[in-house]
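Okay, here's the structure, questions in a sec.
Should a chain be cited, it is by its letter among A, B, C, D, E and F, assigned in written order, with residues numbered from 1 in that chain.
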Amino acid sequence: MTEVRMERMSWVEYRRRIDAAEPVVFLPCGSLEQHGPHLPLGVDALLSTAVACEAARRTGGIVAPALSYGYKSQPRCGGGQHFPGTTSLDGDHLSQLARDVIREFARHGVRKLALIDGHYENQWFLIEGIDLALRDLGHDCGLRVLRTEYWDFCTEDVLREVSPDGFPGFALEHAAVIETSLMLHFHPELVRPDLIPDDDAANFPPYDLYPPETERVPASGVLSSARGATAAKGEHLAEVVCSGLADAVRVAFDPP
Amino acid sequence: MTEVRMERMSWVEYRRRIDAAEPVVFLPCGSLEQHGPHLPLGVDALLSTAVACEAARRTGGIVAPALSYGYKSQPRCGGGQHFPGTTSLDGDHLSQLARDVIREFARHGVRKLALIDGHYENQWFLIEGIDLALRDLGHDCGLRVLRTEYWDFCTEDVLREVSPDGFPGFALEHAAVIETSLMLHFHPELVRPDLIPDDDAANFPPYDLYPPETERVPASGVLSSARGATAAKGEHLAEVVCSGLADAVRVAFDPP
Amino acid sequence: MTEVRMERMSWVEYRRRIDAAEPVVFLPCGSLEQHGPHLPLGVDALLSTAVACEAARRTGGIVAPALSYGYKSQPRCGGGQHFPGTTSLDGDHLSQLARDVIREFARHGVRKLALIDGHYENQWFLIEGIDLALRDLGHDCGLRVLRTEYWDFCTEDVLREVSPDGFPGFALEHAAVIETSLMLHFHPELVRPDLIPDDDAANFPPYDLYPPETERVPASGVLSSARGATAAKGEHLAEVVCSGLADAVRVAFDPP
Amino acid sequence: MTEVRMERMSWVEYRRRIDAAEPVVFLPCGSLEQHGPHLPLGVDALLSTAVACEAARRTGGIVAPALSYGYKSQPRCGGGQHFPGTTSLDGDHLSQLARDVIREFARHGVRKLALIDGHYENQWFLIEGIDLALRDLGHDCGLRVLRTEYWDFCTEDVLREVSPDGFPGFALEHAAVIETSLMLHFHPELVRPDLIPDDDAANFPPYDLYPPETERVPASGVLSSARGATAAKGEHLAEVVCSGLADAVRVAFDPP
Amino acid sequence: MTEVRMERMSWVEYRRRIDAAEPVVFLPCGSLEQHGPHLPLGVDALLSTAVACEAARRTGGIVAPALSYGYKSQPRCGGGQHFPGTTSLDGDHLSQLARDVIREFARHGVRKLALIDGHYENQWFLIEGIDLALRDLGHDCGLRVLRTEYWDFCTEDVLREVSPDGFPGFALEHAAVIETSLMLHFHPELVRPDLIPDDDAANFPPYDLYPPETERVPASGVLSSARGATAAKGEHLAEVVCSGLADAVRVAFDPP
Amino acid sequence: MTEVRMERMSWVEYRRRIDAAEPVVFLPCGSLEQHGPHLPLGVDALLSTAVACEAARRTGGIVAPALSYGYKSQPRCGGGQHFPGTTSLDGDHLSQLARDVIREFARHGVRKLALIDGHYENQWFLIEGIDLALRDLGHDCGLRVLRTEYWDFCTEDVLREVSPDGFPGFALEHAAVIETSLMLHFHPELVRPDLIPDDDAANFPPYDLYPPETERVPASGVLSSARGATAAKGEHLAEVVCSGLADAVRVAFDPP
């Protein structure tokens, strides 16, 4: 199988591929953040990397090393910053990290870059990093950048399947049935199904309060139930997301 | 009627109120951004200020001058940066602006601060500004900060009423029925109902592309229909939102 | 009367005016700062906006929303940062705010921009913001920027008239006869003449000391007497300043 | 074997270990940088992680995810920024990344942190990141930070063994005999011995010139010969470095 | 004569003096800026250093190395940035430089610091640097900072003497009679009286225009006449300024 | 003798030289840092300036004012930040200072710039400053920048002569035989040979620890012996370094 991970290629091989085929370079964007007692801290980087690798295999792409640290965890979508293990960056620092890396890919001759975000809180700081990089590079630099949260490729069908009792929304989908199923599919050795908690779904008012009301967050850090997670659901989700992403980069970068 | 706007009070009056009653200070956060041919560029600051003033009247609060400029407009929720008139800030600069102002309110002795966001794109940079300010001030500074997008106080009932054909989601609710109705209620002289466009709702894929695909955005800048907007709906929306917000600050800052 | 305020125009109207006539865009730069017991905290934004609007009416210009928060108040020209209500920004943050906004106006096609400063302490951070924006835009961007403190259009004649006992200089003219007269002219409902204090003029040595010697500043925050302020003087001052400014933008941007 | 990698632990497990035993947390600091035609772009993160994991196993430590991107490659120690694949950060952004992460570890209760640098160019920006974090945390925060380039644990004996014709210094040891031998030991599947180039060692004057004189850098990117590299040398080097590092953290953090 | 210059003392001697007598540390703040054909580029650092040294001799103080580069030259007070030789810093960078240095003096145990500014354009960025440093250090750090433009110690008498035809104000006093006289007193070997130009005084409108109208600035860079400069005037000015400054630090730091 | 110091030239003279001969501009980069009881705090700026002046005399160059403050002193090469008198900058601030100044020299028409570093800790922040300035200026700006630590021009012969018992490496060469000899040559009046301490050389492990282990640093601040320093050695060192530097700028900027 062809190697897709950039950090495992030599620069000579990387240059050869860039020059030969104008491949899509995928940049997974993760975090180091609590994901309940049953999932590891690295879920967001692990899953965004897994999805990116699969999409790269299907499209002849290359996967750069993930951004392993992300923006600060928020109670309503990641549990919050009071959990040990959650290790986060200031927003501007994440934007600058993305900006620098994007500018470098442009220097390499990359024309098609896809940021695959696996951490809800990263989104706007990645948007800003992309905007700053494109401003630096100039409007006619030839680089185009796609950005997505990978779960946005879930169809309504697959959401209904994985959450037969109703889908709580992606914000509350933290360490819950989607992430747990995907981990059971991609990294089963890192999941402890026996430790999935029984907490009810978290319930937040239509505002945030700072310093956060940590008592609103389940003690486990799981925002809605992971009880129904299975490897089979994970396989289905993975297929839907990866094929959707592969199609998207084809359509976005090589419109018919 | 008691004056609620801080910029219209003397410092002596402001100090008197802060000392007497520990009032909530509301900080409206807006933008200068295209809102279609029928609404003015200042909608987000005008509406967040109007909502904040009404909530302040009901709770004995004070309203600080709005942040009149906001984060960069995105195609999928504000039309994008290619519109003339849209005048936006870099993300970090917005965060620093919020940080500075919050730190100042703490110096004044304010203990209850509510950021009322009227521009979808501001949210995460305000979160960061709040976090940086609280880090500066220290955990035991006594200041608590509530942050909300005012439309999150819309109940499902009122959404069903204003959008009888189905609510498209707040991201697409740009220059559409909610904002237009609220403007017809609060600032009818600034609305041109005759210019409401007939465009279909915008339709976005599950990813963003940069530089943006501006052809996806309706030429008018209106992301879903404003056709059904009325002053009566605006009055109802205003009542729901303002009473919700007034209740929220009572509950959040003075829990029973 | 033609609308001059940008936040009250639609983007379509704004674009039409920019394209039609290369109008001057005025950006008022204010503060939220104590102005004694008789004037409101928002004086600097209110007066710079009022002056800008009048000059815009006379020259076919457009007035952008004011920068409502300004640089830190200094004892010798604004009373200092120890007053409740004074709400100030770090210098670099003000510069970046100006930089971003100026860059956006250039994107809109604006070629003539006038920053009308109403807060003495803003001056050098606005200069820096202009310089940074022009560096970003490149020397041949076509944008020219005029910057002024509006009171610099006061002639010696009018100063002699408003301060028959001798003009104390603009630094000490804080919440004093000029600002109070102008407020009596433009916003009489916000002035409390009955609360004008009787303090003597402040007296400062030829150096500043930090942390500031707050005992040098009159407890009222008024740096020299506002006793002689009248609406008639305000009207005269307004006429001199606004006509001077209108002439200046004509001469500066359209030299014969 | 006990898991040492933080991203593969749950937050509950991580907290348990931090609370139980005050373990050393190792933070590998790498880069994405050309390492000749025979080694992959990720060498610096791969080796610093491998060394950190081994030292963690011997000392009951935990290894955080590597910083995968590092400071700009310099001709005299990494070949320079003109190679495709080399993907680098601005200096301040690397410092801020380290600063944020260090501050977070302190929040978790970590008292012993070891930055294991595998990229020569990172050194001073990591030093600055540590200094800024400790300034933020205050002098009495209880966190101590060790920083090292892992190769500094090479003894003169082992250097003589791996470079029998004389050791060229660590700056020129880029993609050369030490890194190649260590990769043959830790990640043999990523080494292409058949592609080791025959270039002579690079030769630099006692100054640097910018823009760089790229003709001074061997076209392969290898700064001194990797010809003598073997897995056996790699095993010996690994043992010397890992035992040296394990001893160092014991002595530094738990002095007798 | 006792050495007053810090860079010429050993750290042991410096510590001895700080510990023994709580001396004032003077920090001269200069620029590298055109000063006409008859004065050298370093005038502002040379004069602020000379004044600081004399005041230090009279008060037992210490003079730190000057900040040799200052904020951007403005047409109306320094000729502008279009002159070769003028070498200026961004505003925030000057503020940060001052902030860092002030924080360091506080660490040394300095309690009395005097910034002696010799470059008109520096003022507000120094104010910001002082404010940021004191914020970092905390309100109760014990450090007090005096800041002055040294020429503000000129009395009306001495101004009348040096400018018998009327004093044009300090902004126009660039490379003119005061600076030239002081240079003839302190550094006669660096003055070329034969090259003093005959230009009329510059004349500026009540606003600035950017990019600057360089045609308003005399080609020589001299903003008002230096014709009347003499070493005797320089001696008198120096005495007035240095004794004023010496008195000021006594009064400010050791009030009776 | 022709004046080489820029701050002592008028802008007219500076422009004449730049236009006439494309001279090398030398920028000395120093620090204010403890150098033992026998050397003054300003050694690094004094020596880098002295070397630059001599090289400028030999090559028709110009010497700009030194950067008088440098990056934070490290225990293993400068003694550390715990010494009174050591007055250091944050890394990014030093980089920005260099960036600004370099950009200005380019504006003046300078094509050949040489940064002569006299403070070991400055190196990487100067590299970053150069890179940022060249990025700002664009690849085809025509400016080339040489950067060196001046001691790197010492030949093995001269090192053997000055350190007959073996050269300890430049990191430990702090306030030791090379710097002391050079000061005896260039500034004998600032050396106190009677105070040269008898401390043994410092001995550091292959890692750094933060907060620093100050007990590893000799109390004097001298990292290896200055006992053998003489003016004659200084003269020889100066000749080797200055002729090496003069040759280097000829070769680098005017290759045959």
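The criterion applied here is as follows: a contact is a pair of C-beta atoms (placed from the backbone, for glycine too) under 8 Å apart; a residue touches a chain by one contact, two chains touch by 3 or more.
If you want to know which protein each chain is, UniProt gives these names: A, B, C, D, E, F = Creatininase.
Just so we're clear, the structure is a prediction, and the values are computed from it rather than from any experiment.
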Set of chains adjacent to chain C (Creatininase) and to chain E (Creatininase): none
Remotest chain, chain E (Creatininase) as reference, centres from CA atoms: A
Listed pair (A-D, A-B or E-F) duplicating the C-E contact set, over half by residue number: A-B
Mean-CA-position distance for chain C (Creatininase) and chain A (Creatininase) (Å): 47
Distance between the centres, which are taken as Cα means, of chain F (Creatininase) and chain D (Creatininase), whole angstrom: 29
Residues of chain B (Creatininase) touching at least two other chains: 90
Ring path (origin chain A (Creatininase); first step to chain D (Creatininase)): A, D, F, E, C, B
Complex contact set, residues of chain B (Creatininase) against chain C (Creatininase): 6-12, 14-15, 18, 32, 34-42, 45-46, 64-69, 81, 83-90, 93, 96-97, 100-101, 104-105, 107-109, 190, 192, 195, 221
Touch list for chain B (Creatininase) against partner chain A (Creatininase), complex: 71-72, 74, 90-92, 95, 121, 123-125, 127-128, 130-132, 134, 139, 144-148, 152-153, 205-211, 244, 248, 251-252
